[in-house]
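Structures given as structure tokens follow.
After this come two complexes, each holding chain A, first together with chain B and then together with chain C.
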Partner chain A sequence: MKVRLSLFLAASSVVLAALPAFTARLPRYGGTLVMDVGATVNSIDPSVAQANSDDGDTKEQIDGLLYAQKNADGTFAGAGPFRIQSFTPDRKALLVADGQFEGGRPFLDAIQIEMGRSLQDRLIDLQLGKADLAEIPADQARQAAERGIRVSRSRPDELIALVFNSKRSRANDPRIRKAIALSVDRDAIVNFILQKTGEPAGGLLPQWSSGTAFLFSTAADPVQAKQLWSQLAAPPTITVGYDANDSLTRSIAERIEVNAQGTGISMTAQSLPNAAALSVDARVMRLRMPSPVPQVALARFIDALNPLAGLTVSGTALGDPADPQQVYNTESTIIGTYSVVPIAWLPRVFGLSDRVRDWSTPGPGDDWPLANVWLDNIDVQSKKGTS
Partner chain B sequence: MTFRAKLFWLFTVALVLTIALIAAGVTVVARKAFDDSNSQHTEALVAQFQREFERRGEDVAQRVQAIANTDSTIRMAIDLARPSPDMSIYVDAAQGVARSHHLDILDFVGNDGSIISSAAYAARFGYKLPWIKSLTAGKTVGWVAQGPFLMKIDTQNGPVVALLAISAVRVGDKNLYIVGGERLGREFLGSLVLPPGMRALLYLNLTDKFAPANLVDQSGAIAEASRFEPFIENERKSPVERKFTMNWTSNPAKAEVFSELPLSGRNNELLGILLVGSSQREVVILQRRIQALAAGAVILGVIIALFLSWWGAARVTKPIRRLAEGARAVSGGNWDVRVNVLGGGEIGQLATAFNQMTQQLTEQRERLLQAERVAAWREVARRLAHELKNPLFPLQTTVENLRRTKEQNPSQFDEVFRESTGILLSEIENLKTIVRRFSDFAKMPQPELGAVNVNDVVRSVVKLFEAQFGAAGRPAITPELHLEENLPSIQADQTLLHRAVENLVLNAMDAMPAGGVLMLRTSHQNGHVDLEVSDTGTGLTPEERDRLFTPYYTTKRHGTGLGLAIVQSVVSDHGGRISVESESGVGTSVHVELPNRPPENPRPFADVESKSNGAETKPPADTKDAAKGSSNGR
Partner chain C sequence: MAALVQKIAGIASASQPATLKIDNISSLNEMDASTIEQALESELGKRLQLVPQGTAATQITITLSEGETGYVWVAQVGSGTPEQTVMVSIPKQAGNSARAERPAMTLQRKLIWSQVQPFLDFDLPDGVAVNGPGMIVLEGSSVNFYSSVNGQWVAGKSIGLKPAIAPVRGARGMIWDSGEEIDMFVPGESCSGVVATLPELVCAAYPSTNPAGNWPLVAGTEPQDAQFESNRNFFSGLATATGATESAVPAFYTAAAKATSNGTAWLVAGVDGKAQLFNGSKRLIATFSGWGDQVATVDTGCDDSWQVLTTGTGDSMEPDHIQIYDIRKYPQSQTSAQSTSSQSETTPPEAVAVGQPLDFSGPILAMWPSTDLKSARIVSLNLQTGMYEGSIISVSCGE
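Presenting the complex of A and B:
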């Protein structure tokens, strides 16, 4: 009996001791999640709103959060499990949980969106506990982690590629494109510029999506690049453009320039004032995977690249569902023209405060999973948030 | 040009030259002073640049060393020393450090020379700096000890010239090199304190050929940089300190004088050229002012010089002019002139001597005239006595013969009386002739002018003497007439002219007692008619020639000495001149020059010249006065 009692007490003690840990993992209602975003939105009316963002994806997510169906009384109620309670154009928005949401009330009481926060502000806010959630550029993920910020990475779903301008005669010679493609040291770009957050890209689809990415070489071959370049009778100077507001593409473009010059290729990198500028021979572009489905993603990529690269293949040629071989062949055809030179794959990176629970970084085409997020240690309110 | 004019111009030129020389001298001195000043400013600026260069170098070295001493750099060096180090985390480290330490250039370089992080060329990570490969173990100290140096390095925006310093952090057996520096450019020039009118330019030798964009001043790229190309290229070929002048426009005030200072790197390669420009505006303005002042001074000086020269020349030449006027008066026969010159200088002494001379001349002339009058009267008396004595002696002997015949031989008295009265009448006639000739000379009439052809006069006289030329009992004289045809008529008194020619022919005939050739020649030129009467007689001695026109002087036994005096008087009354050429044993030529129209106030006595063997002599000026006695012709 004593033994049983002792065992019971011991078991009870263990259960009691483990109970707080167990209960801590259980979702809780309440709390306000403070989210820092770089983008700004001046209206909740999608028809008149003008958004400004250094970070396009964050803007899209804000759109998804804020823009809502118009109510009968003309007000905008917001979409999903949260309703807009207050909105300060370009500054702040407060969304409160919708208890009548058909999917059930979210755990969070409210989401406070702070707009127009710079990267440094976001990192500082995360470090100081002023923010619970903020998107971080992939190349800053390592630095953020070293600063003690909890980082959440998605699978690589953003392609950075060098896309040649088919309307420029200097880029029409495939030897030029190939020489430049072979001169690019992708490993150095991933290791140094992306700070190892990402992976070299050889194809237009990531390995996790197509399963055939490993078939495309990512290695540089400066010797062959030099040889190809030397075959040109009158080697031109290739201009590579990048978005003036995008420091990452700038760094990558400058590195491509250095790699090219290192193999004797004459190249200059220059910023472009807007995304539509086509006054360069090639430009470094970001391509976000719109879907995890290979043929869908490839078709959207082709559609996105065609205006600049003038690809000979069409996204609509891919069936739905497409044969993996057909996807690979199409991808291989495009890569073989060297009109598009994949450089690297980037994941999406989010910084989280310690109290954020059940956060999963959204994949291609996914919404932010804020309905499932709950906050641990609600008593420790964000210093910026409202109670 | 008169002496006064010469003096005037001499003074003027001397004064103008003096002023011009002074102005030029002032200009040159001012120019040199400005050049010296500019040179000093340039040297000061170059020295300032060099000091600033050294100071900046030391500053850069200190900042690089400070970076090397920071914890983050040491941590980087420690990471570098690890096996298989991951230095990617430091790829952006240089930019922040460079900003915080105000460096344009900052590279963290690994032990093998690979760039870990670069502030100026961020994308160049992983590449090796070729020049830093020489940084092997043991040489680091040498690099550091070398201090700052200039170097051409590549950046994202192209090559630049930078003032670099290197430091190193050694962990284990590996070095982490910190290469930091400041870009050499307009910001560097901006730290120089430039005096007014000066500017500093910097050419960065970054390309194989001259590139205008590489030439900057404190405000950036300069205008018309391409005009520096020949000077920059020259400096690139031979990098030494030199000067050149940049004439921006034709206006010299816009010009600049530049001093070039080559800036070399570690291996003496030319990396840049400092150009210190000095505007010539102030110099040219000053020069123009000086020139304007000089021009004004010259103009004023010329005016003053003209006045002073005029005044000085007048003052200096006034006594000389008076002396010249006095001399002219003396030469004109007025010996009573006196020159009034004040002062005791050379001119005063000369005037005093002149006055003494004219006084002495006047006195001597008076004495001479007195003596000549006495001599003339004596000569007249002697001539009268001689002329009258010859007829008186036969008169006396005839009267005594009549008396003696009456007393001693009365029977022959009538016959003797008849003969004696004949002799007496003859001699009395001689006496009357003598008296008439003297009377004629004394009563030379005034010429009555009319148109006279000299050829006609000559022919008339020759015709008059034709019978005597070939008269029996005497050697023949051959007349030769060389009369110019179309000889113009002259205004003259034909009777007097006939009488003068007649006397000349008579004299010539008398000069040829043994016969000969009498040549008469007429011609005309320059408004006068020339008559030449030549003989081939015995000629004249110099003494005879000197006294030829003296009245009552004759070399003939029965001459009165009035013939040539009458000729001279006639020629003088017609405003002509007469000259004689004679050579003893050869003959004599008399040249008479008669103007076409005699002057209204003919000279008191004809100009007379007598020549012998080409020499010319003038008879005494008062020949006419002396001829007022009586004598026969030559």
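Presenting the complex of A and C:
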């Protein structure tokens, strides 16, 4: 039986008054987005590569806004969505929209990048509305959210792993590697050190990429770890290194040390002055996925791990596209040696101001998607940034 | 599916009873997963001796999983020896079948089409020739035709577009289906054709065929042109009879019209985020807020009042919804306008939400009313699957 629509009116009616609020859904054009970055960039010459200790890829990301494509040799070419308007080395860059960009003019008029901002400065700028966008370390994401900062995180794409040094004799006994692997309490690391921003890692690829990560166990087994260790005739003391400039890998290395000692394994965590230092039996490494495609990411990880771990498998054997069975078998072979012990997956985290719209946290290999971002309430905060 | 069954049969003994357990950890919905589970069980049952859980030596666990490049179906087979793992990849296909989704109160959604690539609009023209295209999908750089074969959409002719302007970010597009003729608009180019001779189309870049850059809007009795800003994503205003921009109505994203005896009343979703109601004399008589940027008149047939569909606020990373509003106390006729005129000075028009909103799992990117106003075409992004979806929204008066 049909009921007249008007019957519904009385039952569930909400009268909208004429309120002067601002709402949006379709993109607005205009405004200057202010972005804080921790790194400093001293040249915008695309041929100059620059490694940054904090934000890592800031120079490359800026290049990604200025140029249309990145060549296989790492150089950039073609006009991008923004042009450089002004640049003060290590301090500030102002990028303006290119109305003729072949992919369409960006919605923003300009991006003002403030460089060398400490984490505290970035968080305060976001809180005070002085910045629209800033990267936040994953382990600080929860604290930032508790401070009222709008937080955006990617799918987990950075692997933290314990990698054994194949050139050290103490790491060559598979019972030692397996015992240590089984002693690691990944859940505790994710819950307490990463403040639940991340997830335990059992494989070399995250579930969202490979679809098979669920096949790898992430559970600790201290009983079996203790049994394995007790089989050693002369148990050694294992040294685990971490990057002296990276507080997160330090915390994780120290937690691995606590877990190991809890099962009777003798272990010492120690800081390393530089990334290449090989004077330890194992080290905690961070590996960011270069691509969401499983075989591409796995091949790059194998290349990155090989100098330390001395893996017997090669990533070049993976086809394109690779059969998931092939990717899984390769992953499984590496994990089965216990030369690489995946610990946790971290997302990439950004803090945003309330007026930022259509921001999608970049995934592996992605540029900052600022050509698609637009600002709501532009007039309200037009005092910000450079017009 | 056959490949996975083959692999499982290759490692499990046909003579030994086996139990089967299937888990779904992918984005497949319950109904699709259930269909797959039944099919797997049926196929495996032909090759193996399947028995209830706990009564067999061989355990087969199939997990419907998902990775970046598609679905991954994983089988773990254990039979005393170390467990063996085999898997197959299943590409994600464009949705092919039209299926109705559960109606939400008086709003009903019929999912027509889904695809990985973004698209701007779609249409199901009536009166196409035998074996002619039953569906048109307008993308930013092409017009794609599909024919219905055994209930499945099969890709046909594709016509590339070459707009005469620089590419526009966030571009919009529209298909205007007047019954016998059909027009398509994207910034900088339009195409025209006769429904009976589709997929033949004549496409021409602005400004040769459309100097003012006008797009038609559904206005009830006859179309009303509006000037589309080709290098942006909004209309600069309604067009006058001479093609100039009507100055009384501000720039807007979408507009809903209602014919009255003293002209067409317009409700426009302005670029300032406000929905403004203009009477037949183009005088602003009310402003509403809290709505998104898409409005469309819908002729529900439930009563004589003016109902509009509106989308929600937010951005393209958030779920969206459609809500029906009943526009009340607007001047509808000369007579009632006079009586309402004095009334409206004290009681301005109101927008009253009707029924429950119809939720979408992602942003609604386009909402265009059908030319008969009986329904609206929706293009949305499903944030759970990453697919762009085309749906028809209609309103029923309730059961």
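By definition in this document, the second predicted complex is superposed on the first by the 333 of 387 C-alpha atoms of A that agree within 3 Å, B and C clash if a C-alpha of one lies under 4 Å from a C-alpha of the other, contacts with A are read in each partner's own complex, and residues count from 1 in each chain.
Here, contacts are C-beta pairs under 8 Å (C-beta built on N, C-alpha and C of every residue); 3 or more make two chains touch, one makes a residue touch a chain.
Nothing here was measured: the structure is a model prediction, and the numbers come from that model.
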Partner with the higher number of touched chain A residues, chain C or chain B:
C
Is A:Asn191 touching anything from chain B or chain C once the two structures are fitted on A? First, second, both or neither.
first
In the superposed arrangement, does A:Gly99 touch chain B (first), chain C (second), both or neither?
second
Where on chain B is chain A touching in the complex?
86, 88-89, 91, 121-127, 156
Show me the residue ranges of chain C that touch chain A in the complex, using the header's touch definition.
25-26, 63, 65-69, 71-72, 74, 76, 85-89, 105-106, 166-171, 231-234, 253, 271-274, 286-294, 300, 302-303, 305, 307, 311-317, 320, 325-326, 348, 350-356, 363-364, 395, 397-399
Any idea which chain A residues touch chain B in the complex?
142-143, 146, 185, 188, 191-193, 195-196, 251, 254-255, 257-258, 262
Which stretch or stretches of chain A touch chain C in the complex?
1-9, 12-16, 18-29, 99-107, 207-212, 214-215, 292-294, 321, 323-325, 328, 357-360, 371-372, 376
